[in-house]
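Going by the order they are written in, the chains are A, B, C and D; count residues from 1 in each one.
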Amino acid sequence: MVTPIAIVAGVGPGTGAAVARRFAKAYPVVLMARNPDNYNSLVDEINKSGGKAIGISTDVSSSDSVKSAFGKIDQEFPGAGAAAAVFNASGRFARKPLLELTEEDMVASWEVSCKGAFLFSQSTLPLLLKTASDASTKYPPTLIFTGATASVKSNARMASFSTAKYAMRALSQSIAREFAPQGVHVAHAIIDGVIDIPRTKEWLKDMPPEAKISADGIAETYWNLHTQPKTTFTNEIDIRPMLEKW
Amino acid sequence: MVTPIAIVAGVGPGTGAAVARRFAKAYPVVLMARNPDNYNSLVDEINKSGGKAIGISTDVSSSDSVKSAFGKIDQEFPGAGAAAAVFNASGRFARKPLLELTEEDMVASWEVSCKGAFLFSQSTLPLLLKTASDASTKYPPTLIFTGATASVKSNARMASFSTAKYAMRALSQSIAREFAPQGVHVAHAIIDGVIDIPRTKEWLKDMPPEAKISADGIAETYWNLHTQPKTTFTNEIDIRPMLEKW
Amino acid sequence: MVTPIAIVAGVGPGTGAAVARRFAKAYPVVLMARNPDNYNSLVDEINKSGGKAIGISTDVSSSDSVKSAFGKIDQEFPGAGAAAAVFNASGRFARKPLLELTEEDMVASWEVSCKGAFLFSQSTLPLLLKTASDASTKYPPTLIFTGATASVKSNARMASFSTAKYAMRALSQSIAREFAPQGVHVAHAIIDGVIDIPRTKEWLKDMPPEAKISADGIAETYWNLHTQPKTTFTNEIDIRPMLEKW
Amino acid sequence: MVTPIAIVAGVGPGTGAAVARRFAKAYPVVLMARNPDNYNSLVDEINKSGGKAIGISTDVSSSDSVKSAFGKIDQEFPGAGAAAAVFNASGRFARKPLLELTEEDMVASWEVSCKGAFLFSQSTLPLLLKTASDASTKYPPTLIFTGATASVKSNARMASFSTAKYAMRALSQSIAREFAPQGVHVAHAIIDGVIDIPRTKEWLKDMPPEAKISADGIAETYWNLHTQPKTTFTNEIDIRPMLEKW
């Protein structure tokens, strides 16, 4: 029997942390972020509260860094399979008029949201397939991508972000179609609204709390996607707070 | 404190029954179908197993019949609010070349999927709003519509079905936008594939079980939608079995 | 050789009239509206300026009325085929909160936009097929449906309109898929914005003229769709003025 | 008065050449391709038949190369504005299982379809704006992107292509929204099917000619988009041959 673990890329103080906490209730979790400050305290928190977590400093846009990270996973959890992998990383966000956008702005966004998602997928899919082929697995192994409003709507001055997010959605759909017949459940979540995290504390201040999305709510929804059986895969979901206009 | 109940329209041997069983674990349930044969044994089953259920013979396409049904609900559960309402009814399905479709085919499909969904919504929304305004409510009251592949793709010879299903999706989106600010969670589910029910037993016989959607899986997904907090509403979800081509 | 005519349903002072004028440059045109006041002066105008037009008072939501109208077409143009048919009718529009919408509001909208479009399609398709099978035909026969923003976005308080418009889009797509292999070109136009007609004169008054859609512009776009060859069918197009937010 | 020119990037023996020929009837045209073999004979053909054309060897994925190309345009047509710019380039296409895709495959596709489209847009938009501000301009200046089925559907083993094409569609929509108020018309064309060009001669051989899209048909449709007035902008269009399944 394969040891199933959960891998979360893009752990900061918001969705990534909430997802890690939620999946840590069921699996050892691997937390990835470029800056260890983004996961260190959470790793401690999970390990102290009876879970198992490790953090790996990873630049998802670098194939060397991603390979190295998965090498460490293999050392730490030899022969493990992945029960879940969540790609939650996002690149630098340049909201600029098109004529002021730089090539670097375009590249920076794509490098994380599309290339990073691709590299992460290539490294996690073999681990997800290993879990899929293990008859004792409780839930189908699940690969989830965190998208945004900009995954389906490309507004003025959002081109660097939306091109990368549209691309990530395409990646998710292609992988979903290719790997579902092998039992891997792939889902793309359109997070449509402001997530309630320290960085957005001052946003929408005059609105009630239901104007922002709860990171824990997202995490619970991701967990529920993970528990869907092979007969009932959801490949795309939208999530917004009750006061969001759409 | 309002007594929260769940109301399921369109109870047959498939999704409707599964949804009723799932929500009966938490709430008294009202089962609606035109033909009592479609719910009688399930009502017994739920009542015998510690739940509470009543069945009401209802033609959702008739405003008189719907009004009468909600009158009975009020008699049976005076002052109750709705925790959840699921519209799962579907009209007669005429797969025909366009030139052979009759006006009656078009009407029959619309009468259930669009007008029926409208009448059901008008009667359940006051009950859902009552629950929404009750601070002791555990989960935001939820109105779920069961859609199909034909809700988003309109193939040749499917016009009577797809026009009605597109219309129901429009209804769902409009209600979602109007009532979310009042705390009602509205979701539309695109059921993309063959549901595994007695009627479809002979379909896809040469395929493994993962070629069909599990009605229980749909019910569990609906329940999970219901448990989403006000900060985290999903308004549309797709559901397909792992072997479905899409 | 078949005499090709153009048939426009829903002729008022806006899009329908502009479309009729444009197609009258190439074909005899049949104008349909419930109230002859909507087409009488236009019929005169076209006939005086060297074209050929007739008007037929038609209620597109009534199969008897539609049948009678096509009977008159056959009398007036015996053996004619249709080069183009444009469904431009729209039902009564009730912008109301959902709980105030009546069953009649829902029906009235659907009767025109969906049932009317269906009846019109059933009567025009045989005429379009006749033209398609005539090797001397210059352009593939074309069936165009006039949609709206509400064909793809269903806002709060728009349910009566959007359910009918979503349904019409489904109808268009199903017919497009069924009849393209026989050479009939079906297109759906999403008219996204306010059309510049007498009724909307006071709307957007503080904006420049580019805030509204030109009916003549729509007509020219429809004509251009009509001229596409069999190798190059457009099935959906959006149209908005340059100052429209979308 | 500004001299309006047309600029076509991605000129090969198919759509690009047809578009160049069509726009050369009205404007001097600039043809861009990496390999001059792709445009040399066409430049001759246009110049000999009374038009005006120049070819510029350009790698659209290189900002230096694009800058250099637009420097040459300025030398050749000093002070010119752009009446139309068509981005028709496409990167290397790697149809592979996801686990066999290389980072280079992903980059190569994005470099042309997204970064190239971005660089081309940044260089053409000032020229398009110049035309937009010239009151004597006949048609609103137009920027058209050639998309594909993979711009809206991401199939298995298509990830390198579809991620780049989804991204290009996002780019097109963002630019459309930002620049429409300044009078620039931006359109994205979903080319859904096999284009009838020398390279695809052996494809669909057993099918009638209506199974493939005509490059000339696309060019005519692009021209028709270009002639739309400011009141009537189409931002997205699909194009498929009559025998295409969709």
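Simple rule for what comes next: a contact is a pair of C-beta atoms (placed from the backbone, for glycine too) under 8 Å apart; a residue touches a chain by one contact, two chains touch by 3 or more.
Here the structure is a predicted model, which is why all the values come from computation and not from measurement.
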Shared chain contacts [subunit A and subunit B, defined touch]: none
For subunit B and subunit C, chains touching each: none
Per Cα centroids, the chain farthest from subunit B: D
Centre-to-centre distance between subunit C and subunit A (centres being mean Cα positions), rounded to whole Å: 46
Between subunit C and subunit D, centroid-to-centroid distance (C-alpha), Å: 31
Centroid distance [mean C-alpha coordinates] between subunit D and subunit B, Å: 46
Separation of subunit A from subunit D, taking each centre as the mean of its C-alpha atoms, in whole Å: 34
Residues of subunit D touching at least two other chains: 177
Chain contact topology (line, ring, star, complete or other): ring
All touching chain pairs, where touch follows the definition stated at the start: A-B, A-D, B-C, C-D
Subunit B partner contacts - residues on subunit C that touch it in the complex: 63, 97-99, 101, 103, 106-107, 110, 114-115, 118-119, 121-122, 125-126, 150, 153-159, 162-175, 177-179
Contact set on subunit C toward subunit D in their complex: 140, 177, 180-181, 183, 185, 196, 209-210, 212-214, 217-218, 220-221, 224, 227-246
